[in-house]
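For reference, the structures are reproduced in the following blocks.
Heads up, the next two complexes both have chain A, just with different partners, chain B and then chain C.
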Partner chain A sequence: MATTENLPTAEAERPIGFGRLKRKEDARFIRGQGTYLDDIRLPGMVHGAMLRSPYAHARILSIDTSRALAHPNVAAVITAKDLETLGLAWMPTISYDTQAVLAGDKVRFQGQEVAFVIATDEYSANDALQLIEVDYEPLPAVVNARKALDPDAPVIRDDKAGQRDNLASPLWEAGDKESTDRAFAEADTVVTRDIIYPRCHPAPLETCGIIADFNPATGQLDIYNGNQAPHAHRTVYAHVAGLAEHMIRIRCQDIGGGFGNKVPVYPGYVCAIAGSIVAGVPVKWVENRTENLTSTGFARDYVMRSEMCAKDGRITGLRVNVIADHGAFDSTAQPTKFPAGFFHIVCGSYDLQASHVQVKAVYTNKAPGGVAYRCSFRITEAVYLVERMVDALALEMKVDPIELRLRSFIAPAQFPYETTTGWTYDSGNYAATMQVAMDLAGYNELRREQAEKRARGELMGIGVSFFTEGVGAGPRKHMDILGLSMNDGADLRVHPSGKAVVSISAQTQGQGHETTFAQIVAEELGIPPEDVEVRHGDTDRSPYGLGTYGSRSTPVSGAAVAVVSRKVRDKARQIAATMLETRPEDLAWEKGRWYVKGDPEKGALIEEIAARAYSGEELPEGFEGGLDAQVIYDPPNLTYPYGAYIAVVDVDPDTGHVKVRRFIAVDDCGVRINPMIVDGQIHGGLAEGIGIALMELLSFDEEGNCLNSSFMDYLIPTALECPDFELGETVTPCPHHPLGAKGVGESPNVGSPPAIVNAVIDALHETHGVEHIDMPCTPARVWAAMQGRPEPPQ
Partner chain B sequence: MQTPAPFDYERATSVEEAIASLQRLGPEARVIAGGHSLLPMMKLRLAHPEYLVDINDLAELAYIAEDGDEIVIGALTRHVELLKSELLAERLPIFRDAEQVIADPVVRNRGTIGGSLCQADAAEDLSAVCTALKAKVVIRGAEGERTVGIEDFHVGPYMTAVRDGELLTEVRIPVRPGAGSAHEKVERRAGDWAIAAASAAIWVDGGKIADAGIGLAAVGPTTVHLARAEEVLRGKAPSEDLFAEAGVVATEDCSPSADGRGPVDYKRHLAGVLTTRALRRAAARALHQEA
Partner chain C sequence: MDVSIVVNGKQVTRDIEPRQLLVHFIRETPGLTGTHWGCDTSNCGACVVLMDGAPVKSCTILAAMCEGHEIRTVESLERDGRLDPVQQGFHERHALQCGFCTPGMLMTARALLDENPDPTDEEIRIAISGAICRCTGYKNIVSAVRWAAEHEAAAKHGDGLRQEV
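Right, the complex of A and B next:
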């Protein structure tokens, strides 16, 4: 069951189809032969650099660009005034708000875009930034989300007609208030906690950037830009810039990590496009690390108050009130009808009597964003909250936290299960998965070890989390982004030699799509994965679809590839029938071959069928020839992966330093196409979870200055903070996915922070009375909690 | 991309040439060795030197050797060499303690001991190590060499006794019998600057502490030398109580400021805990009782 061993795949064991196959793309990555945005240099290309606001909130009195323009290598300086003439000073966000491309009236967060310099080289462009003089009148800043709606709070979005406060969107609710009130009234135990999921950042190692290349002669706009949703970006550019969509081509080269940070369209992109249209030459802009951390899509920032209740020993109800800090513009990226994303999956893996969720979103003088960092549209926040609350309740009830979970789980026979907030979970056997994790961990033995250590004055903690995710957005009837359905296309062509090209709209940022999707075609057609080329990342050469985020690649694009492969297989059956002079219904399929039922010697291989399909020989009646197909896949539901995680930590009693000694992760993501890639995804997400739980934080002082603007201050974890992860699996196939697969990419990031924080509290509760500690659990913050004065993150 | 402002660059081929360049170029010139502090500051445009004098070719400044009753370390010796040195591991194990927790392998492959000391960042580990070991540094200028005690070397935050036109060339560490030394650090993450760190050395003679040295990192505007705690230790037999007493002095005699790594009270607390731990380990080594 455990998959901790990571044996190399022997040449002879290479699977035709699913299995542990080394990633095709790694050959170029491990040799340093990947092509990232900054590797691309076009003839005549010039460079952009962005001037940014030093203030979190200030009126712009004047901008003087004359000294910058006098720099010998500077071609142009663009300000909001210039963009106004092009109608590009403001752009729509994914959440139907507007965002300033370049600030004209006011700056609303530190690091906001103010002016864009174009020069012959990036050194000159950056030098020229220092020659621009901006006269600011500083205004008081709103930094704390809890104070954003105070009557005396300065109004940040005075650009919006009728906006008189800092409410970003109306109160949003899920579940049912009355039945929840009833559940609490009938309960015998209630716990309340104030819990913050602090602002953190996806911080991909490759920062964001673009090359815009507008050809004034043809009107064609070529864009090179590592983003997670190239087709959606193209549509947005067509809307924003008024360009003809068919004259825009976006190419995503290799991407050095996305994690949701590369979903939005950023002002730098629009400036580079505007710059290329004006200058008629390619304009490259690549942000630096500080710009990435301080201005692009951050993650989380949910301030939550929650109550959970129990009756007769099991969990019965949940109440949650959230203040969501969106920053200066609401550019949260999620299906449009879901302003709090999928947060209302906060009822978790439990068969609750009732639940009620309220989310209020506010503007603050901080960078915009909020839905990113492997979060499955806010399921990270939801799982963190519910799994912290279950532990709090277990403490109050003096019952083992696993025992309370086991008593309260949705039972296997209840699936498909309708939650109190409206989700329909497709499948699950939660107790079985929990048991595998307990066995892997040696849970009872760990509890004995903990007791012994405690007696010696050592602090050891064991933390559990059990998550259910809803991923693979999504069904056309429920989910869209800016009116675009969240469906994915797939296009499969088998060439006369039997080699195939499958084009997909999902956009890898390192997830191994070139391998996984080839394996799906291989499994369905019975040809080797190396004979299948996966084409993606070029809007001219791939079908429309909404990209890769929210763990949607396998649930949506993976299903599309399976379905298109089956279409091709059916076509091959028709041709094979003609070749074998029989009827299609008299043929049976084995991997790679149609054969005559009752006469298995008589058959045709896929490559033979492909050759026939393009030949001059007879084809089935009415058949046009060729062996290809295309589909658009509309998922009937989300897929609902789940998992049981157990963290073991040691806390230094004198310094508060937390070490994650063991981490056990048992994931059920249905059928695994490439278990090695799944393991890799889990390893990466667990490392991120350790980072979030222990060190990652975007914090601000009272003036709104960001205190974590480089990797010296924004810490991301290293291998030294990560134990050897102990992985396990159960397989509960998704009943509605053609392969039985569920998404998995975000599960480890979603599931691991609560396990670690629960473990830290488990280590400290008995000896130090600690009931809650907000992330990140840095040594200083843990020590403060041990002294009886835990503090929320600033 | 992060780009530095324009600057001029010279690559020295000898110590004399480096010093001549520094003399000629004056206060706007900076020496660059490993570059892992200076280059990031230039790219963030927090430092704007007009000239860089690169000393990476000065192989004569890269060595670790015994010289009479001293161990001498050339200024261009890289962290990785300090980490690997068997001589240091045997005689001055505090170096290996510290080097295991200084930055990461990439930085350790390039960064130098001279650069670390001259950067004079209060959070820098080797300055505390050299303080505990009562090291001396050799500074060379056009007029010749002078030797400065580590006490007088750090004159303030990011400020040292090295004057314009001068180059730090060597670190000299006295070797005395009965020595034990250790370095303790708490960091938020491997490779991060210390929240606090303590370096301790003791010299035991006839069951008594003949002398002690303690330096603290990251708990003051510059490296903190715990003279009063050293005085507490001198002439007494090593014991848990004594080390705890020195730890209390450490909490009193440091002057940390609050930042993203922690508040003042926590850093004071750590200064005490780490001083006690470093002394405990140094004593175990001196008495050959290390577990």
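Right, the complex of A and C next:
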């Protein structure tokens, strides 16, 4: 077991291959020399600003842009009418719904896009927004997802032919109802809980933005944009704007965080493109923080009712009913065949007899979204639910929550394990990982401390969660987005000097791809990682692939890079055989060198082979020359990382304030390519998990006004809310990934909220009888629960 | 109106709108886009620069208010090809991921160490609590500032500073 406290050795810091290599990308960032979207200025560029609806639901009676157009610095004002003439008034969402680019007949959420102003500078564009006059007729708003299907609820999507209610997608089921009913009938303990995973927001520190630069002379559209899936965006623009895909180039330079928020195409992007086509100059649009929080992809918003049962001391069955609030347009992010994402992984890490899951999605007068905030398509909601339910069951059974988990885990010998909802988990040894977490935490000692504190009237809680995720979407036969298979390409070229360029379709937003992917090539070819340049973020210079989200970079693109490196290595073997005047099968590989079996002195270094590959000297029969290869990787399955998390909290008895005193995270993500980067990913996700559990919330009043539209009231944890995280690891390689690696980036966000909420309940249950508090566990909510008062309505 | 501000030791004079924010004034100076904007409300700290040596959030200061003052941005940290210890520390301890908050964090850390060369971890956490990092969970930032403090102290005693990146 390793912890972050073990300082790396000098050797480990300079690996040829895997290890704690410091990041290549740091050099520009620590000098303030990153190139984020807003840092780019093109000659003749003008600026866009968006007018947004103040109402959650209203009919638009008229829009008068004349005063805005009279502003001396305004070049154009675009409304839905103008877009209609271009065929751009509506755009497809990533869930096969449609979304208004600019509202024409009605606005359907507060903050919806109504008009787009283009001016010479940002200040003027924003001034001109105040000069546009829109006459609205307010309509009653549907805010509460539980009431969206009431017979008297106003129909939000009357733009859709045949839509008579607010059902966004039909009832979707997984698992088996009958066998689940049977498990419950045979059970000796059953618990029921209503649990909300509230609406929150990824809120990357850099907001969303775009520069669109259409060249009318050539028909070329250049786009600069920080998005997580540039190739998929290019295809969408080709469909939306009717432009030729090969004449669109998208460049994503440095991206100031994404966390799922930068997966979708937003109306502002389409308006900037339309603006550039109309105005013939580059148009930049960068949203402000309020726009980011109130109009771009939110996350979660699952209203859940669940029952869990046990028999003979272990968990046997699970029933879940979900109402998913998708907002005014269904733009949730998930593969096509999975309308509730991967939520049905809700059976968790347990060997259940049966489970049954039902999800119903509704429209409400709230911003569209349902993106995966550092999560593989609704797994966060699933893990939160199951891990809260296990704790509820443990309370009912009066058994230690870890004990109940240990009794119910899938055993190592059961892998590959088919879950009751149809997933095939690849590998795991859950009890071993749980034990490492208990040791690191000093679990028994913590329980003693808790008892002592309780006797003194202090409120301390210990919370556990154990998660299994399915990440790395995904196999072509099961998974696509908008018909695009979720495969990734990789292209590796070794130059005559032995230095290499690898082009990937994954899109970093801070994950350190330029370092990690160079390490994969280094490991496979035996050349130093500093001699490998990782190229990404430019659709003209990288192979097609679906980008970075759902922890898919290492599972899919990482595998692609390993496979393409091996192809190059095999090619090098052929060349080496010619160089060494032997047969390829008589050669053996050591890092960076092919040598003759039985005569290790006789060999060829990869750089010697590269030089030969481009030379005028003899090459193998029929060999084209050069040392390069390309692949498209279709993963055979998802990878299933898992982990055991323990949170220790103190609750202030006078205020209800929760302080996370310790957080222990033991992750098993298989083989770690760069353990330093993996640790960093885990730290970051844990901080987000603390935010979600205790602070982050998008809430609305009855009229649909968003109450958390800036960082003044959408609270993000600072260094003072985060403890000094304590990490540990176990390593259970993925059997089907070429490197044995699994995804990890999202695990900490997935696993930490239930650990923290479980800790809060653990602190309060015995003394105050509290059974559940919905997130975020703010002082007001915790205090209300301590007084036995109902929670404030959501 | 004409405003004249010393930015990283150079006098920058420009005719601006009175309402122009300092962050925009800085970012419109060629080559100085290291100072970022993240929130509008003084919460995130991506825009922190030093004004006469003290950290300020440049998104909530008018450029006009800086007439005659000295502003230091992240671009001034590296001197004569030598990184500032806080820059080196952030690299050594993996204290940055997407890099967007990094300039503000670096300037905040620089101001802290100028004021308190040997801060405790708690003092570091308080000092950076006006800045949001969405990627690192702060643990490695605290460690990086400690690294800088220790190496700065060592450098003063003639042990020198390892220079990479």
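Keep this in mind: the second predicted complex is superposed on the first by the 782 of 794 C-alpha atoms of A that agree within 3 Å, B and C clash if a C-alpha of one lies under 4 Å from a C-alpha of the other, contacts with A are read in each partner's own complex, and residues count from 1 in each chain.
Just so we're on the same page, contacts are C-beta pairs under 8 Å (C-beta built on N, C-alpha and C of every residue); 3 or more make two chains touch, one makes a residue touch a chain.
Bear in mind that the values here come from a model prediction, so they are computed numbers and not experimental data.
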{"item": "Touched partner set for A:Ile195, first chain B, second chain C, both or neither", "value": "neither"}
{"item": "First (chain B), second (chain C), both or neither touched by A:Asp38", "value": "both"}
{"item": "Touching partner for A:Asn126 - first (chain B), second (chain C), both, neither", "value": "first"}
{"item": "First (chain B), second (chain C), both or neither touched by A:Ser710", "value": "both"}
{"item": "Touched chain A residues, chain B compared with chain C", "value": "C"}
{"item": "First (chain B), second (chain C), both or neither touched by A:Leu102", "value": "neither"}
{"item": "Partner chain(s) touched by A:Arg289 [first = chain B, second = chain C, both, neither]", "value": "both"}
{"item": "Which superposed partner A:Ile248 touches (first chain B, second chain C, both, neither)", "value": "neither"}
{"item": "Touched partner set for A:Leu720, first chain B, second chain C, both or neither", "value": "both"}
{"item": "Contact residues of chain A, present in both the chain B and the chain C interface", "value": "38, 123, 288-290, 710, 712, 718, 720"}
{"item": "Parts of chain A lying in touch with chain B, wherever the complex brings them together", "value": "38, 122-123, 126-127, 130, 286, 288-290, 654-657, 694-695, 699, 707-708, 710, 712-713, 715, 717-718, 720-721, 778-780, 783-784"}
{"item": "Residues of chain C that touch chain A when the two form their complex", "value": "17, 19-20, 27, 32-41, 43-44, 46, 73-75, 77-78, 83, 87-88, 90-92, 94, 96-103, 106, 121, 124-126, 128-142, 164-165"}
{"item": "Footprint of chain C on chain A - complex, ascending", "value": "4, 22-23, 25-36, 38-39, 123, 203-207, 254-257, 259, 288-290, 509-512, 676-677, 679-688, 710-712, 716, 718-720, 722, 724-725"}
{"item": "Complex contact set, residues of chain B against chain A", "value": "1-3, 5-6, 40, 44-45, 104, 186, 188-193, 195, 260-263, 266, 269-270, 273-274"}
